[in-house]
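Read from first to last, the chains carry the letters A, B, C, D, E, F, G and H; within each, the first residue is number 1.
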Amino acid sequence: MNEHVVLMQGNEAVAEGAIAAGVRFYAGYPITPSSEIAEIMARRMPEVGGVFLQMEDEIASIMAIIGASLAGKKVLTATSGPGFSLMQEGLGYACMVEAPIVLLESMRYGPSTGMPTKVSQMDLMQSRWGTHGDHWIIVLSPASVEESYRLTIRAVNLAEKYRNPVIVLSDETISHLREPIDVSVSPTLTDRKLPVEKSGYLPYRTDISLVPAIANIGTGFHTSFTGLVHGESGFQTANGHVAEALVERLRDKLFNNLDDIIQFETDRVEDAEILFVSFGITARGVSETVETLRSRGRKAGALRLVTLFPFDDDRIRQAAGSARTIIVPELNSGQLVLLIKRVFGDSRKVVPMNKINGDLISPQDILDFLQEENL
Amino acid sequence: MPERKSYKITHYRKWCKNCGICVAVCPKKVYEIDRNDRHAIVHPQDCIGCQMCVDHCPDFALTVEEVKDE
Amino acid sequence: MRLDFLRSERLPNIWCPGCGNGIVLRALLEAISQLQLDPDKVVLVSGIGCSSRAPAYTAFDNVHTLHGRAIPTATGIKLANPDLSVIVLTGDGDCSAIGGNHLIHAARRDVDITVVVFNNYNYGMTGGQASPLTPAASITTTTPSGNMDRPFDLVNLATGAGATYVARSGIYFTKHLVDHLRKAISHRGFSLVDAVAQCPTYYGRFNRKGSAGQMITSQKDWMVLKNVADKKNPEELAGKVVIGEFVNIIGARQADIDAAKEQS
Amino acid sequence: MGTDKRFELRMTGSGGQGLILGSIILAEAAIMEGKIVTQSQVYGAEARGGTTKAELVISSKHIAYPKVTDPDVLAAMTDEGLRQYGGGISRKTEVIIDSSVMTTPDFLNEESCRDLLALPIRSTLVDRLATELGLNIVLLGVIEGLTGVVSVETLRKAIGKHVKKQHLDLNMRALDLGMEMVEAQAKTGIRI
Amino acid sequence: MNEHVVLMQGNEAVAEGAIAAGVRFYAGYPITPSSEIAEIMARRMPEVGGVFLQMEDEIASIMAIIGASLAGKKVLTATSGPGFSLMQEGLGYACMVEAPIVLLESMRYGPSTGMPTKVSQMDLMQSRWGTHGDHWIIVLSPASVEESYRLTIRAVNLAEKYRNPVIVLSDETISHLREPIDVSVSPTLTDRKLPVEKSGYLPYRTDISLVPAIANIGTGFHTSFTGLVHGESGFQTANGHVAEALVERLRDKLFNNLDDIIQFETDRVEDAEILFVSFGITARGVSETVETLRSRGRKAGALRLVTLFPFDDDRIRQAAGSARTIIVPELNSGQLVLLIKRVFGDSRKVVPMNKINGDLISPQDILDFLQEENL
Amino acid sequence: MRLDFLRSERLPNIWCPGCGNGIVLRALLEAISQLQLDPDKVVLVSGIGCSSRAPAYTAFDNVHTLHGRAIPTATGIKLANPDLSVIVLTGDGDCSAIGGNHLIHAARRDVDITVVVFNNYNYGMTGGQASPLTPAASITTTTPSGNMDRPFDLVNLATGAGATYVARSGIYFTKHLVDHLRKAISHRGFSLVDAVAQCPTYYGRFNRKGSAGQMITSQKDWMVLKNVADKKNPEELAGKVVIGEFVNIIGARQADIDAAKEQS
Amino acid sequence: MGTDKRFELRMTGSGGQGLILGSIILAEAAIMEGKIVTQSQVYGAEARGGTTKAELVISSKHIAYPKVTDPDVLAAMTDEGLRQYGGGISRKTEVIIDSSVMTTPDFLNEESCRDLLALPIRSTLVDRLATELGLNIVLLGVIEGLTGVVSVETLRKAIGKHVKKQHLDLNMRALDLGMEMVEAQAKTGIRI
Amino acid sequence: MPERKSYKITHYRKWCKNCGICVAVCPKKVYEIDRNDRHAIVHPQDCIGCQMCVDHCPDFALTVEEVKDE
């Protein structure tokens, strides 16, 4: 028995992962099914010399972590659909000032207050498009407690590296699931790049990485942050060229590094005739189903998206092998399938499989579906 | 000597959650929470109709009415 | 209390045994009964929280909105149809945390709605976290070593924001509560009643306040009537909560506007 | 339990009975024995009080689908719990009910489950240990007695991690009680 | 000269269109470039016996109009990107309680505060996906001042008919553009269906239309509204079947009526070899370009989406004719093009054309683009 | 005033001729100069509005956030690095309309930041609409026949919310303004200064307040020092705005928590 | 103006000069004559004061692209206005500048525009009518004198719709003044 | 009789917006807004160095320093 293997709940794994990643500032507002993260952080932050803040609402929460991030801390907030909707304006601001922040969203059944204690994957598209204006966000999707831990660490690292908001898009089931995880491995940590030379310092000047080395507040660089379009100086401008360059850079700093950012997992894709593309908790029912189908002699395979956004059509196409039939099971009325259809056009048969009653898609559900649809 | 009034206590068991608030507020110890954690009317005859239990029952499970004998 | 104001088919309610919400709801229905309001013209509006489930147990039109958003919704309803008696049922978290801005603005505008705060000192619905009305030093799931923040005094906050009727009462004092709810509803303009209730499941348990019965009767010990309190000095009132009517101004908004017009 | 086999347990009852904690304790015991587990529950934060459900899957290899789909054991501690979460059982399922507070429902029979074990759990606990605390542990004892899914020693260790010192003894006796009840039942051979 | 032809600004046309459509309740919070709508409504509402409310923020604004709508008024609010982001939670609530509301969104340059006085079309995807959970919103896109008037009326009608939020997705240019419009035609108005029979009344029971006849507050029906999943009674439930039925109905009440809801405009699509697909203000540069190309002998055509959402792949495919090359010009980094790519897969060459400097796409821009890209 | 606190290369500022914002900004820089704060450790945080452009004209670290969101951002900064002097520059709309909730909660928490309200009685940036501080009966673009709402009294609001330092001043009284800004910044805990400025372009023009010069000198007529006002009766003060220090409590938050601990 | 022709006007200057109103008046005049128009401006709500630009397109048929792309007339009333919005002119463009407050910039010449009409607009207005109000109307007069894009009567009517009665006379004189200035210039023949 | 101090007024025209505030607040009428709407220093010799203009100029366009003649 490994001493370091402990039983943890998904929410706890996020909190502990964040702490392992160096997060020392948490601000949040309770909401089912993510409230335990706040509760754990309320206890743990003081223990590790960090700050826990319960704010008056989700808007204040995201702004507080942005402020703390600009002042140099690694930061986290956690919420669920309704709170995530409220955080959208702040999220766009974080994109614009390039504040490294990590946001855990645990998806529950929507729309609106919906069914707070039931699982869904209905906020996928919102995580990409929820705020106004052209923007790019990194979205990671864990499928287990262990991965909640690992991806939270990765989220913090990516946020710091690319100076961009990163969302960990979890769900009610994973948030409350308990699984054993090994916490003994000490993670590799990434810190944001900081400027050294004060003379001639321009906060938003970048090298080829396109990621600026912005000074932390209070370190004597006298930096300027604004959500308005700004040039290298950080100061507002209404110059169209500057705007264009800024928005393009915000995209390219991520898109030039898709190899680093995009992760997925494949399972026997090579010879698969029928391929399941899924993410998060749904992938676990899929994985069992693939096993079953294989044992029955069917050439099934699976592609699980770990990074949901940026979404790269080419990479997906390549990863998907040559299966003629692609099934996209998800706990919503069809969101991922819209993207997968775009990737494959008419070249494959792309079949949505949706469950929207607040339960998971079980292996049996999938088998039944295949039978009903003659797939 | 004025006649002592008597009261009819109605307890809707279906709504009652056996919280014990009526027990705590009744000045006449009319109620108890029994060994099985259940609400019980133990001294109905002592009731003075003060409505404390009715007003404080969070589950609308009690009414107390004066019994008028004509 | 008119029993037909209850939607009996939906009872028993979802609240925990001993939860104070039912007592506030009963008091409200009693106040509405006493005022003989036309039940077709009463609408109860709530946010999200245990307490915000209250309207759905009544036979009135009822709107269960979003967390913190009962007051602007109620404002829209009232101004769309001024014939209605619009009453907001809200929790301490709902109205003073996420909904704080709407609260102070409704008070400022003096919109003719009544806000009844089911104040149980914490977020019941989500598992007993601290609210802005959680007393200092109290234990909650987000203040494991005691609340380091000071709470709002809801009476001061509403008063500072310009409310024209402000009262506080407690669920032990049901007659007092009904009286002030009645006055609040009758008040023409914005009115607020801070109805101190109880959450035995979380706040009570974490802070060792005893059984539901003990929690409720203990209000006798830590609540003081305003007219009594007015004669005491601050030391004597330490740790006490004062109940009664704090503000009751009639026609304030119009008067202010008239005065301003005269000035200019 | 065969090393490869997936063991699925569902427990249902009322909020205060500690079933979730019971499932966590069993999960930790399994982990101590190098097993993989997934533990879950209906999460009632926005549905006060009432009925609860706890689920546990134990396996010696990676568990893909984390929820119970075909329980080996269903333990129901209240009628309401059985009503709400008693579905989804099969001829594979060993059903445990607390006969001291429940009436045996019609739908449980040789067709619908493997076995029905009706034990007066609560009343026995109150009679023997003069307490109601530890109901979940008695149930663990019953399950252990029935399945031996982990070793008794590991289970004791796992319980020890979760209960205060002053209650340890009581809990150990509760565990024994549960196991005894199964044994007694086994001897009499009477089940349904 | 027609007496009824008046010069109007886009924002004014929205306000006057709303009044013509019967809107008698406006609540809002000022924001460039939509503030004039609030200012006009502040004057006009009292004149027509309506209510104007300046709320404390956008969240309060959308909640106030939802309240007023449930109390029986036809309602409007107006905002722009930052305010729209804040309104997302309320928007989902309106979907769930099926409150007929109309929301004018005038797109400015984002993300975040961006360039408040510059035009963009960057909030297209947000209008569809901004709030959490599965939901469906009708989004209409005007291309002129006259159409701002007309589509606002249509928006109010659709909102009432389908009991659904309708967004008029305008932009900074149209908001501030002045064009002549004829206001003499009296519009056809639609009113929401109301219940008559009190006995056995269930607010969310529907006939085949799938649109419930929910009583207005204060009319004695004692209705119950909640953003939680609810059955026909209007009361909350966590029953999965009810949830599924509800969310499916919210979709189907619109998708069963796509013929009524979806509008687009085509220009010489039949024989077009090169087709432009666009929406809103961009379509006007396109239309001039098509003219020019035709005059030069090129078979160009245009498809302008008037209804942006619901988006129906089949209808678009049919409307698009057989042009081999499809160009999608838009004032963002590529949003509509994602949908168009999905519609056509590999069967056509779908080419994005994006301008993100805060200016319009001019006919010359398009001609230059064709040349550069050898199209 | 230390001129090197100004970012001269960004001047002239974008404000209209005669706008009061520059005067408040100057007073603030003067207060910071007098306090001899380390310029590396001062951060100015603002929301959106004409006034919220002020920080970007200074040489300090500065954060121009979202409309209404300066205070929670400042809270995050301060708690992440308590060594910093965190000063929020905000407009009347920014802090009392959309940002009202953050304002009252920062006051309640007594977080050690200073909020300077550039109070020009309207939304300058978006074209002169009413704000929650627009006086009753005033003309703005959204109150074409005069404001029918009553304004907040920002001093009362902050006080009601629990602020431990509250002052008001006007741009005519620059020394007074500097003094109170200095005290506010030195205050340990939440401090607010309601700095009554002017918007000649909108509020002034719509309400016929005369030229920028007239607007500023007229403050002499309608502002009264608090110690003078304290000796007057309400009638004498009608139409006047009182300036001075209203609240100044030291160690309030800790005291409250200690007291609560003792009680329980 | 030929009936089919698209007429494009751009005016630029400083915030207070009423150029936007000027463009609206001309737009309304065109509408009165049954024309189609699109009027737009840089919108400076979040960029205080400073420079402004007003644009107007007039056509007898539907106007697709609503903005000025190749102006027939560019009228600049300040140096800064000309600097910011003086680009995008062509050999087709008639440029008007207010020589009483501006210096003729080098980039305006026979190559870059059709004609440059440098008139001392502001000073003439002040000299002749002893006011600065009505600068935009003088400019309308100049444009009218130069292009005759609408009839003078219609223009007078449109002005009448927008100015208070007591200022009507002054404005009519301002319009006349503008037209006169063009005439005088035409007679002298001196342009650049 | 104490010697009358004299002051040097510096006006940064580039930053000045000719708003007239200095004109309104100067007790000595040192400034004017001229016929061309422009700020002008008309009576510099009357300046008493009170700094009213400096403190009230919203555009940081004025400084007033005592002239020390040694």
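We take it that a contact is a pair of C-beta atoms (placed from the backbone, for glycine too) under 8 Å apart; a residue touches a chain by one contact, two chains touch by 3 or more.
Owing to the predicted nature of the structure, the values given are computational and were not obtained by experimental measurement.
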| item | value |
| --- | --- |
| Partner chains that subunit A and subunit F have in common | C, E |
| Furthest chain, CA centroid comparison against subunit C | G |
| Chain located farthest away, centre of subunit H as origin (C-alpha) | D |
| Centroid distance [mean C-alpha coordinates] between subunit G and subunit E, Å | 36 |
| Interchain centroid distance [CA atoms averaged], subunit B/subunit C, Å | 28 |
| Centre-to-centre distance between subunit C and subunit A (centres being mean Cα positions), rounded to whole Å | 39 |
| Where subunit F touches two or more other chains, by residue | 15-17, 19, 66, 97-98, 100-101, 105, 126-127, 132 |
| Multi-partner residues of subunit B (each touching 2 or more other chains) | none |
| Touching two or more other chains - residue numbers and ranges from subunit G | 45-47 |
| Subunit F-touching residues of subunit H, taken from the complex the two chains share | 14-21, 23-25, 55-60 |
| Subunit A partner contacts - residues on subunit E that touch it in the complex | 59, 81-82, 84-86, 88-89, 92-93, 95-97, 107, 109-118, 120, 122-123, 125-126, 128-135, 226-229, 238, 240-241, 243-244, 247-248, 250-251, 332-333, 338, 341-342, 344-347, 356-359 |
| In the complex, subunit A residues that touch subunit C | 29-32, 35, 38-39, 42-43, 46, 52, 54, 56-58, 82, 112-113 |
| Residue ranges of subunit C in contact with subunit B within the complex | 6, 11-13, 15-23, 26-27, 30, 171-172, 174-175, 200, 211-214, 216-217 |
| Interfacial residue positions of subunit F with respect to subunit E in the complex | 48, 66-68, 97-98, 100, 123, 126-127, 129-130, 132, 141-145 |
